[in-house]
Every structure is written in C-alpha cells, then in structure tokens.
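Chains here go by letter, A, B and C, matching the order in which they are written, and residues are numbered from 1 within each.
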Amino acid sequence: MEIFLQQLINSLSVASVTILIGMGITLIFGLAGIVNFAQGEFLMVGGMITWALVMAGVNFFVAMVVAMLAVGLLGLTAERTLFRFTLTRPMNGFIMSIGLSVILQNVVIRTLNEVQKSITPPVTAVWTVGGVDIIAMRAIVVAITAVVVAVTYFGISRSRYGVALRASVADQDTAALMGIPVKRYVTGVFVYGSVLAGLGGALMIALFPITPFTGSVIIIRGFAVSLIGGLGNVGGAVVGGLILGLVDALAAQYGFPQWTDAYSLIVMIVILILRPQGLLGGTMGPRAT
Amino acid sequence: MTNHNMQSPTQPVTARVSLPEAKPRYMRGIKEPTREEWCLGILILAGLIAFPFFDPGYRFLSLAVSTIFTAIALYGLSLQFGQAGIMSVGHAGIMGVGGYTAAILANQLGLGFWESLPLAMLLSALAAAVVGLPSLRVGGQHYIIITFCFCALLVIALTNGGTFTGAATGLDVGPIPGVFGIRFAKLDNMYFLCLAALTISIAVTFAIVHSPYGRTLWSIRENEPLARAVGINTNLHKIGVFAISGAFAGLGGILQTYYLRHISPELYGAFPSLYLALMIMLGGARPLYGPLIGSIIVNFLPELGGLDPIDSRIAYGVGLLLVILLLPGGVSGGLLSLYRRGTKTRHRLEKGRGLS
Amino acid sequence: MTQLEIRGLAKRFGGVQALNGIDIAIDGDGITGVIGPNGSGKTTLFNTIMGVHKPTAGQVIWDGRDITGWPAYRIAATGLVRTYQQAMSFPGISVLDNVSIGFEHGCDRAAPRRWTSPESLLGFVGLDGRGDEIAGSLSFGNLRRLGIAVALAAQPRMLLLDEPGAGLNDHEALALRDLILQFPGMGMGVCLIDHDMALMGAVCSRFIVLNFGTKIADGTPADVLQDRKVLEVYLGEDA
C-alpha cells in the first residue's frame, strides 16, 4: 500500500504535466475551435529552453519563467501568422498545427540534437510524511500545477474577463456586437495555453530527461486528458489528468508495465465512445451546434 | 421566378426511369472518362512505364517504388478524406495491419505474397472499418485524435507481441514468388508490379468518384443531416468507405512489406501516419492525381533538393502550412486551376465534381 | 389514403418539455400548416417525427406503419421526406449532383416516378440550365428552390417543409406558393412550417397551432384565426 501511495504521488507529478498541456488544449479548443496538435511541441520547446538556460548556469526557477515567456511568444507568433486565418475552418487549423509540430520537432533536432537532455533536480530533498517518502521536487511540481489550475479555473468562472470569454465561446457574433474584442481574446487564450505548455516543459525536465520526441508522446496524453474530461472544460482537464494519473499508478503497480501507455489510450477511447462530450461535458467548439 | 417553365404536374407522372441497358449492371452510372482524362492518364502511365528505361539508378528506382506503394495507400485516404470528408491520421496503422498480416502468414504458415494478398487487404479493410466505428459517434477533430491513438496502440501491441509479431525487431519475409518466370526480387520487376497495382488503384478511384456511390460519399462530406433526410444510410456508407480505404492501405502495406523484406512496429506509428496525412494535403485530396503527386513530392524532395531527412521534414511542414494558407486544393488542385484559367469555361461542368 | 398520424408525441430536453403529448393526423392529399410563436416546438416536432430526435413518449404512424424512432434515412425511404431550414443543399458540388443524390437514394419504390431525370426536376423547380453551377454559389432564392428539389428528388409521398419561405423576397415567395400548390395534385401531401402568414394563408387548407409544445388549435385557416386562444397567444404577440 505504501508503495502504491508512492506510485500515486509519482503519477500525480506526471499527471501535473499532462494536466497543464491538457488545459492548454482545452482552452484553445474552447475558444478558437482548434485542437492544437503542436501543444506537445510547445511543451518540448519549453523544456529545451529550460535545459539550455540551466546548463548556462541560470537558476531553474528563473529559467522556468523565461521558458514560459518564450513559449508564450511562440504561441503569439503562431496565432498571428497561422491560426488567425483558419478560425472559420477549424479542420484546416488542426492540420496546420500538425505541420507546425513537425517543423518545431525537426528545428529542435537541427539546432540541438536527438540526444536526451536532463538537468540535475533543482531541489533534491526527500520528505517523509506518514511513512511515505516524497521526493520534494515532485511535490513542488504538483503544488505549482495546483496553483495554476486554481488561478485558471477561477479566472474563467469568476472574473469579468472570464465571463466575457465564455460569452465569446457561446456566440462570437453576439459577443462582438456587445463590444467584446473576440479576436483579441482568441489570441490571449492561445498565448495563455502556450505559456502553460512552456511551464509544463520546464516542470517536466525537472523530473525526467526529455528528447525532441517527447512532445509527440506527451501530446497523446494531453489529448487523452482533455478528451476524457470534455474538450473546452477546464475542470474536465483536471479530472482527466487525475484519472490518467490513477490509471498509470494502478498500471505501474498491478498491470504489465510495457502496456502502461496503452491503458490511458484505451480509457480515453472507451470514454469517447460512451460519452463523446467527455465526462464533465465539453463544448463542441465555439458556435458549433 | 416565372411558371412557364414548370411542367404540368400530371404529364410525366407514370414514366419510370429506364437505365441504358448496354452496360453491365456494375458499370451503370459510371461516367466515361473524357478524351482529356484518357490522354492525361495514358501520358502519366507512359511516363511511369518509361521511367526505369532511363536508367535512374538503384537509389531513384527504389524511391520510385516507395512512392508508388505509398501512393496506393493514399488513394484510399483520398476516398475517405477527399470524397467523404473524414480525415484520419491512422492510415499508416492500417497499412501495418496489411503488412503484418502478410508477414505473420509468411512466418507462421509459410504463405507467400500471392496467397496473403487478398487476406491482407481483407484484414486491413476490416481493421479500418472497426477503427472507423467511433466516427459514427464523434466527428472531425475528435475522430482524428482517436485514429492517432489507434496508431500508438498498434505500435504498443506489435512491440509486445513476442515472437508472433517479432516484438521491436519485427519480422522478415522472403521475396515475392515469380510468375511466368518474372523474378520480383529484381527491382525493375518490383517496380512494374507496384505500377500495375497503382494503375488499378487509380482506375478504381476514378470509377468510384464518377459513380453514384461517389456522389453518396460527397453528400456525407457536404451535409450529413440532409443526406440522411433524402434516404442515405450515412453510417453504413461511412464504414463502407473506411473499408475501401483500408483495402487500399492493405495493398500498399503488403507491397511495402515485400519490398522492404523486413518490417518493424515503428514503420506504422503515429508519425508515419502524420506524414501520410501531410502527403495527401500537399498533393490534394480530391484531384485524381493528387495522392500520386503528394507521394512524389515527399519521397523525392529530399533527394532532388539535396536535403537531409531533418531539413526535408522541416520543408514538408512549411510546405503544408503554405498549402493550407494559399492552396487549399493542394499542389495538384493549384495546377488544375491554373490549367482551367488557361482553357477558360470549357471545364465548368467538371468544377463541381469531386475529381476532374 | 396515406396518412401521417402522431399520437401523444412528447419530447423533453433536460428540463425543457419541448413537445407535450401532441396528437395530429395529416392526410396525404392536403397542405397543412403548422404555426406558432418562436420556441413553440414546430421544428422539434419535425425533428422528432423524422428521426432526428428520439421521442420521449408517443408514436408516429406513417402509411399504416409505426415509424417511431426509426433512423432518418429509413423514414425517407418510405416516402416521408423533409427539408431543412438552414442546411438546404450540398453546397460544394454541382446543382445537378445535388438533385442526383436524391434520385439515387430515398426513392419510395412503390411510388411512380414523377420526373424521369434530375434535369427535368430542375426544370420543374425553375433551375433549368443551372445544373453545372456549384450549389453554394446560387442566390439565396435559388438555393431554397434547390433545397426543395433535393427533397423532391427522393420521390416523397409527403413532404415536410421547414420554413421554406424564410429569407425570400415577395417575388420569390409568390413563386414558392405556386410551386407548393402543385404538390397535392401530384399525389404528395405537404406539411409546412412558416412565419410568412401571406404564404401560409394562400397555400394551407388547414392550420395547426402550437404553443409551448402543446396543440392549441386545429382546423381550417378561417376557423383557427378566429380562435380566441390563437389570437391571444400567437397573433396577439405579432400585433
């Protein structure tokens, strides 16, 4: 049982990274109607930037913030030059995001190499709580994610900005008539989703080594997280992440470890077939009925 | 609106449609290729037949073989995506079902290429139909993600299949047994075999697109609720087109297997599937030669442009972005509209069709 | 006489009772108009009859068969065909292909063909010579005609028209009226929803009035428009 608890906490820290990416996917889908396939690559780029800075002697937490800003800038550029033009044809946006992900992955391979990168954990302490050993860095990752999730959730459900945002999702035309700058909101959400991916990348490299191919692995889990909970539903992404974490922990403890990735995919596919809108009910994108 | 052109309601009531009886039943309703279409087809075929005689060298000839079996699989995707409007990024996985069927049959039962061919196509069709089932419940982007996950699952399953699937190292197959003394171990002959399969694939695609069934597929792409309202069992036809698409992928997959003589799981993962989707977008999903052009571009670009694999992938990515932003019909669609602009309105009739 | 009979049809969406046990019998040789204020359940009625929504309760009997809960394509094959208010055509393909699709499917095998070819049907609705154009490039009025032609191509014995007059100018509405008036003579019953009372008054031999998912009046247009409840609920709101 203690081993299972440790597995659970380990899985929770992994789940944190997937929740961050899943939340980005869900937010961008909810407002722009685009499932951003490049979100995994955004995360990988964030991790690589963090790695480069830490290698250059920068403090991890400073590097993390720089990575968030840099990936946010990347998102801004992508939205302004690419996705802005496919808002009315989300399928094209989705296919473009596949192209973007191919580009980013290979640009990183070109500028660095294919070898996996890792940093020494910025915090090396191990805490013992109630007989269970907890690696401090993992706890910090979970805590940071929890704070970000809470801020995002309340930002969307409570603040004036969030209300306007949800109005835009419900009906972009009417929202525009009411003076809500819908396009700027789309950009804002895209950038915010990208920043979350940058944060996810920084947190990930604090836990595990990453390679230029990490993005394409993590994106599947990001999709799983956001689809299980319901695309466009922030709370859903969190629930999806927790379910995935639990599935991983159970699989690692009781299942066949080489099938670990398969379990989460199967859970996702089964949920999508039984409840296409996800567990908590997602939107079908802006203005789609 | 004036009424003088409306027919009186009673006059035509009793006539039943009589179809031209000259053609066999399965040919009815299929539009004959126009003279232009014949010319273009024969020209392209002649060029492809002539290719090995220009002494392209081993490297280029093997690229051509890859181009062709990939294009065969893409013709399936062009029916599914170009005609019925349902994109998938799991097509390499379906190719893998065909390839592994052949390789497992060869290793377990000692069956050769010709015996495995129908089974590989059948199982691929079946797999594609099963993978297509969720599309009846979830649409568009959700479905694409499911197909992507299917590929990831397939790779995990193949990697953990023990000696049955050869695990991570994969399986070997022998050469294709010769027919009438033609040895397919020779690359030229392999090329011609693939070319024959490609010709059949293009002909079948043309027939489907220019038949009532093609229109049925368009109705799903254009307006599914209305299609149902005029009596089309859209669910059945979606699964049907997935199965057809899968059969093409199976054919491409088994040719790939017997060309490479060794297959392993990573050939059929999510990324190869993404590249297939990319090729169909680059070439154009609806024009008849779009899949072939897409496959040529992606297979030959690195060689002709002197790009290493990494640079060429970046180039595909950039190409994809440009095509979507500037040329929504793909490269062949762009060529087509250039040609049309040259020949003006003669082609008005074809504009609305799925292919031209 | 073919007949569409609806018995106690009810549909609930979450907490909203969209249809509240409706009983209607529509003959296969007349033109029946369904009217009512926005949100009264008219389109939901069509959708529930036609297999788009599953009814919560009640039955739909068409031509002696219980078609409750049948999938839409099977209902169409029995000769009961509907049009959509918004999604009228297959926009990306030619006008002729649009109509051909209906011709190749749907077709109630028992009914005699009224048109020998898609071209003659296009002529009937006034789109002759436009078969090669892309449906999506047609003017709005022509798009409406095409929408009706696509449904007619499926050889219906009864046609349900969802707001065929919406967005048409006076001239086009007049032409639409003349078109609809020909259907009963061709052995086709019509049931239509529209807000254009001039059109409805001109074509319908019977009105059914819905309000909050309940039938509040049913009879000849003259009788129904005298009805106090109708005047209060429906026309009172308009005036």
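Convention: a residue touches a chain if its C-beta (ideal position, glycine included) is under 8 Å from a C-beta of that chain, and two chains touch if they have at least 3 such contacts.
As the structure is a prediction and not an experimental result, all values here were calculated from the model.
Among the remaining chains, C is positioned farthest from subunit A, on the basis of C-alpha centroids. Every chain gets a centre from its CA atoms, and the centre nearest the mean of all protein CA atoms is that of B.
By number of C-beta pairs in contact, chains B-C lead all other pairings. Measuring from the averaged C-alpha position of subunit A to that of subunit B gives a distance of 34 Å.
With centres defined as mean CA coordinates, subunit C is found 40 Å away from subunit B. Subunit A and subunit C have Cα centroids lying 47 Å from one another.
Contacts with at least two other chains are made by no residue of subunit C. Subunit B contributes residues 1-3, 5-7, 9-10, 12-17, 29, 212, 215-216, 218-219, 221-223, 225-234, 348-349, 351-354 to its touches with subunit C in the complex. Only residues 29, 35, 82, 85-86, 90-92, 94-96, 98-103, 105-107, 109-110, 216, 220, 223-224, 227, 231, 256, 258-259, 261-262, 265-266, 268-269, 272-273, 276 of subunit A touch subunit B when the two sit together in their complex.
Listed in rising order, the residues of subunit B touching subunit A in the complex are 87, 89, 133-134, 137-138, 140-142, 144-146, 148-149, 152-153, 156-157, 159-160, 270-271, 274, 277-278, 281, 310-311, 313-314, 316-321, 324-325, 328. Those residues of subunit C lying in contact with subunit B across their complex are 50, 52, 71-74, 76-77, 81-84, 87-95, 97, 100-107, 112-117, 120, 123-126, 128, 132-135, 141, 145, 150-151, 153-154, 171-172, 174-176, 178-179, 182, 185-187.
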